[in-house]
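Consider the two complexes below, in which chain A is the common component and chain B and chain C are the respective partners.
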Partner chain A sequence: MRQVLIPILALFILIPSSLAAKIYIDITSPALRQLPIAIQDFKGHPSGKEISEIVRADLEYTGLFSFIDEEAYLESPEEPFHPENWKPLGIEIVVKGTVVMGELLFATISLYDAIEVKGILKKRYSAKKDLLRTLSHEISKTIYEKVTGQKGIFTTKIAFVSKDRDRKAIYIMDWDGHRIRRILGIRKDALIMTPHWSSDGGKLVYSSERNRKWGVYMINFSNMREYLAYSSEGTNLTGDFTPDGNYLTLSSSKQGSPDIYLLHIKTKVLSRLTYSSGIEISPSVSPEGNEIVFFFDRAGTPQLYMMNIDGNNPRRITYDGSYNTSPDWSPSGNRIVFCGRIGKKMQLFTIRSDGTDLVQLTYDGNNEAPSFSPDGRFIAFTSDREGTKGIFIMRTNGEGQQRVSPKNLRVFGPAWSPR
Partner chain B sequence: MRNRSLQKTTAISLFIHTLFFMLILFTAKRQSHFTMPSAYTVNLVSIKKSLSAKKDSTIVRKALIPPKKTETKKKAKPIPAKKVKQMTTRDKTASAKVTKSLQKERTVLIEERISAIKAKKRIQRITHLRSIIDLRKKADEDEEIIIHKEQGTNALDTSEQAAVSDRTDGTIMDAYYGTIHNHIRQHWAFPDLGEENLMAIVSFKINRDGNIESIKLEESSGNAFFDRSTLNAISKAIPLPRPPFEMEVGIRFSP
Partner chain C sequence: MKQFVTTILIFTLLAGCAQRMMSPTEKTQEQMAKETTEAIPEKGVEEKEEGITPFDQEMVKEEEMELAKTVPPSETYGKKEIIFEIEDILKDIHFDFDKYDIREEDKPLLKKVADWMVQNTGTQILIEGHCDERGTNEYNLALADKRAKATEDYLVSLGVTSSRIELISYGEEKPLCNEPVESCWSENRRSHFISFEGGVD
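After this line comes the complex of A and B, so read on.
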């Protein structure tokens, strides 16, 4: 009995002291929307400076970090981390690194928390000498993940179509426009349309007209071979994969007017989703795989519509503008980016998936073919604002618009890879 | 058996006693916690009655308005009730004169009251504006001055029996909460990661010198990065503007 009583009594005596009246103050928005971070030049080898510059540029582009002029740093890269050197500058995170160049490129980075005064992470990387950019992006990825808890886009890629002097080709580049590689080239008079990634990033699907016949083709990156996934009379334009990777959405005019179909990739069974006499194209599947947003010209002015994955419950979601097309769903599923006509120019907009909260993102030139980044924070698109059509990227609020593809390359339809 | 039941009863009585004790302790603690002594208000009431509007401070007048009103009402009511028919013209004019003079007095009082309220509002607005506009670096000094000023007025009030002591406490405290709100917010960095519905509560005790004690995450947002940003904001904000007295606060953060 006593043994039970004593703790109970103790509890009752202790409780009141913790119940003293306390005032609660609400702070609803941080004054700083960017995390103050310092990335010091990596020491040990001249390439260290280059790597730290890439990392800095990567993080800066996200718009989530703020940097102060290195001139203001109180601590040189050679000195050990000391929080008192950073606190007065308001810096919360400090990154130091060492690079050693031998047979391979070795980099060691350390991440410090200047407020809690502790090391967060120490990581060692090694790579072939020519993979300096890849290594840098890996470092950016690690820092971003450690500091924000989210996966960044630094190791993602963008696929696009371009026309060389002699032929049409599909290219893949790093998200920042570096390391462009041609993965497929076909005859100049053939056509290739916007590619789409499978959700695991292992396949790329695109429509192509060869020998006056439209087919849906697929590249499998595991063996770098191209397959014909579907072909029929009329125009066949592919849309997205479903998230499970089993189906492909596509529009085909084999029954007269273009309609939307669902193709089972393995069995090649085609199920028809729309039956109207109007034009229904550009299907984009929601991240949950339960809805499709598509282009439909029923209302006189072409608009975006939404339907269930089985074709039921079609409903209009855009009402503004006269020509809304090329929808792409954000990875979180709450917004859709699309291309709409304002005056004589095409501009990009986002809208909630229920059709509310329309936001215009671009204003210069013609901007088309938007594609969300896998973290939903960025959009890749084409624009002719600087003359030849190039690939641009921006944040989803329209900030930070910049060209990433080379100026001499005329490009179409970017598709941002999954992670 | 008996022994056991005795033990039980003692246990129960102990339990009830402690419960009772705890309640008293709790309420006592609550009262003692800066709700500004109720003694002031008690004093006021007694002085109001004994002092028949001799002191000239506007504050006293303010205090005096309510009882006067009731008096006039009491006077006014019985007259018509008893002597409605018997009232002569003289009576009427006399009563009219009385009401006129009363009205005059009242309007004067009201005007004074209005001007007092206006002045107070202006002070409030100024302190509020200052707390907003002040630059972070300057903030510490200025806020101290503001607090002292407020304390000064409060001291005056108490010596001259403030009718509005509770309200001035509110403004001091509001001003202080406002300044620490701004001060901490200035140091809070959290990038917009597109996450909604985050909320974390951090509580701590503020010492007289503005340093803090026993900081703890009272309620986590479920997002470690958000939680860390809130704790960092407070770490960076130390020392806080000096409070008028030692206090415990909780800061509820949401992006």
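After this line comes the complex of A and C, so read on.
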């Protein structure tokens, strides 16, 4: 056996690392060091500078890369890559690019490994000129995926509700706050609550009060039509889709006080999951689709509880604080973000799904309505720390808190898209 | 022995490949640039046709979407629609923070409402539940729902038939005032009455 093993081991050692894809950053490792990278201005058409700036900002926001001042670079964007220009600066990955503007925008990028001294990627992109930001984000995604093996959030979006000249509307913007556009506006006095995405990103579901009735409505992006998914007596508030997309979790007060139900979207069959006379709302489904975390006030004060997807085995998970609400389950599985009251303000916390390891993330102003990014590395939320409630994003360790919604828009209920 | 030779052969072959990659310092820049392109591991130069995701292609209509079924307000309330608020009798009642119990001081008010409804058998009322801004929007919708229900229950206990009462929760979404102070908050924590003649659909 050993004699067979030796040649096999040899194969693994000597095969060019490209075949056993090298991971430059292992993002699951607890001891994370930032990867020193250089993204040079893309040469050619002037828009190349804007594109490389967007890529830089994208990668910088992940907190996984370190950049030095471009003044210190020894090689200009026009010169070909030479590792001896980068190694002394400690830079390990170099990105160069060229942009050409014709009928479409064309960009070609090359990635170099300054340590192993080789090219690791060359890729060409094209897009309509007005999609320059989308193209830039695709470039960021390519680089990030090459280096970490993960897709990142660069092409994701955030949906939210805003009050716009007296009427509520649903908007979508890029995760970084750009290209904000309204996708649904409704009649003047009607209300819309937080939207939720289906796991394929093809639908948005939200509760809306119209003509004094609360219903659950859905937008299907494939045909841009709005559908009524559920309506009944009482207050109906939608929660998450299940990951398979077949069910909606929701809370309804049709039987008295708000309880949690599972709605089969196609057949409209409703299954009741909770039965108490307290308030049970805000269900969020685990990424495996087998558990639900929700808000319940049985203990006298609002706390977070968990139960199986069939309603069995309900158990409390938060014990600190007198008011814990708005849970969102991380798509990477083991943490839940929520909003808890401290003193007179609401702050954001994360907790492991077994109720341990409580971590406070915000301290300034009132911070609510958290929503995880699809890779579980970022959180979108609302904050009034700058006056009017705005949408902010941050890394899940609390770093990098910044506003992304425009200052003049009153907003709430951000929902990070799944892709 | 055979296995040993195989091992050596494999090593040699692979060493040969590896060597080409691992000692570029001897080569000229030009050669290296060329080789770098050739050494691209997976597929060589990748041509990606579009940098656009389907989502972008299809979505993003900027115009307003109307409801699938838009019902003008007047039709919702049946044939004879007269909406009015009898200020004298249908006054707001109020609640303590985070509570939905009917307060003692509001009971005489509710008695007046019940008496009025018993005397005016044709009327229907809508009870709106409201909250102050503190707490999350969803929780406040649930709390206001309980406030509206508690108000209805009390009126029913005084002899009003529940079929004449409709409920709606507005949570913190329709405040009377916006100042973050107790005098405003207590004003917002309320059940509000609207009376109709001719039926509520």
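The rule is short, and it goes like this: the second predicted complex is superposed on the first by the 386 of 419 C-alpha atoms of A that agree within 3 Å, B and C clash if a C-alpha of one lies under 4 Å from a C-alpha of the other, contacts with A are read in each partner's own complex, and residues count from 1 in each chain.
In this text, contacts are C-beta pairs under 8 Å (C-beta built on N, C-alpha and C of every residue); 3 or more make two chains touch, one makes a residue touch a chain.
If you're wondering where the values come from, they're calculated on a predicted model, not measured in any experiment.
Asker: Does chain B (first) or chain C (second) touch A:Y61, or do both, or does neither?
Answerer: After superposition on chain A, A:Y61 lies in contact with neither partner.
Asker: Determine, under the contact definition given at the top, whether A:F241 touches first (chain B), second (chain C), both, or neither.
Answerer: In the superposition, A:F241 touches no partner, neither chain B nor chain C.
Asker: Given the touch rule stated above, what does A:R212 touch, chain B (first), chain C (second), both, or neither?
Answerer: So A:R212 only meets chain C here.
Asker: Could you look at A:R33 and tell me whether it touches chain B, chain C, both or neither (first, second, both, neither)?
Answerer: Only chain B; A:R33 stays clear of chain C.
Asker: Have a look at where A:I25 lands relative to chain B and chain C in the superposition and call it first, second, both or neither.
Answerer: After superposing on A, A:I25 lies in contact with chain B but is clear of chain C.
Asker: Tell me which partner A:K118 touches in the superposition: chain B (first), chain C (second), both or neither.
Answerer: second
Asker: Which chain, chain B or chain C, is in touch with more residues of chain A?
Answerer: After superposing on chain A, more of chain A is contacted by C.
Asker: Determine where on chain A the residues touched by chain B overlap those touched by chain C, and list them.
Answerer: The overlap between the chain B and chain C interfaces on chain A comprises residues 15-16, 19, 116.
Asker: Can you list the chain A residues touching chain B in their complex?
Answerer: So the residues of chain A in touch with chain B come to 1, 5, 8-9, 12-13, 15-17, 19-36, 63-65, 87, 90, 92, 115-116, 147-150, 332, 376-377.
Asker: Help me check something: in the complex, which residues belonging to chain B touch chain A?
Answerer: Checking each residue of chain B against chain A gives 7, 11, 14-15, 18-19, 21-22, 25-26, 29-30, 33, 35, 173, 177, 180-181, 184-194, 201, 203, 223-225, 228-229, 231-233, 235-236, 247-255.
Asker: Could you pull out which chain C residues touch chain A in their complex?
Answerer: It is residues 3, 6-7, 10-11, 14-15, 17-18, 21-22, 24, 29, 32-33, 36-37, 39-42, 44-53, 55-56, 58-62, 64-68, 70-71, 73, 76, 126, 135-139, 141-143, 145-146, 149, 166-170, 173 of chain C that touch chain A.
Asker: Over in the complex, which chain A residues touch chain C? Could you list them?
Answerer: 3-4, 6-7, 10-11, 14-16, 18-19, 80-82, 107, 110, 112, 116-128, 131, 134-135, 138, 155, 157, 172, 181-187, 191, 193-194, 201, 209-214, 221-222, 224-228, 234-235, 237, 251, 253, 256-258, 279, 281-282, 295, 302, 323, 325-326, 339, 346, 368-369, 412-413
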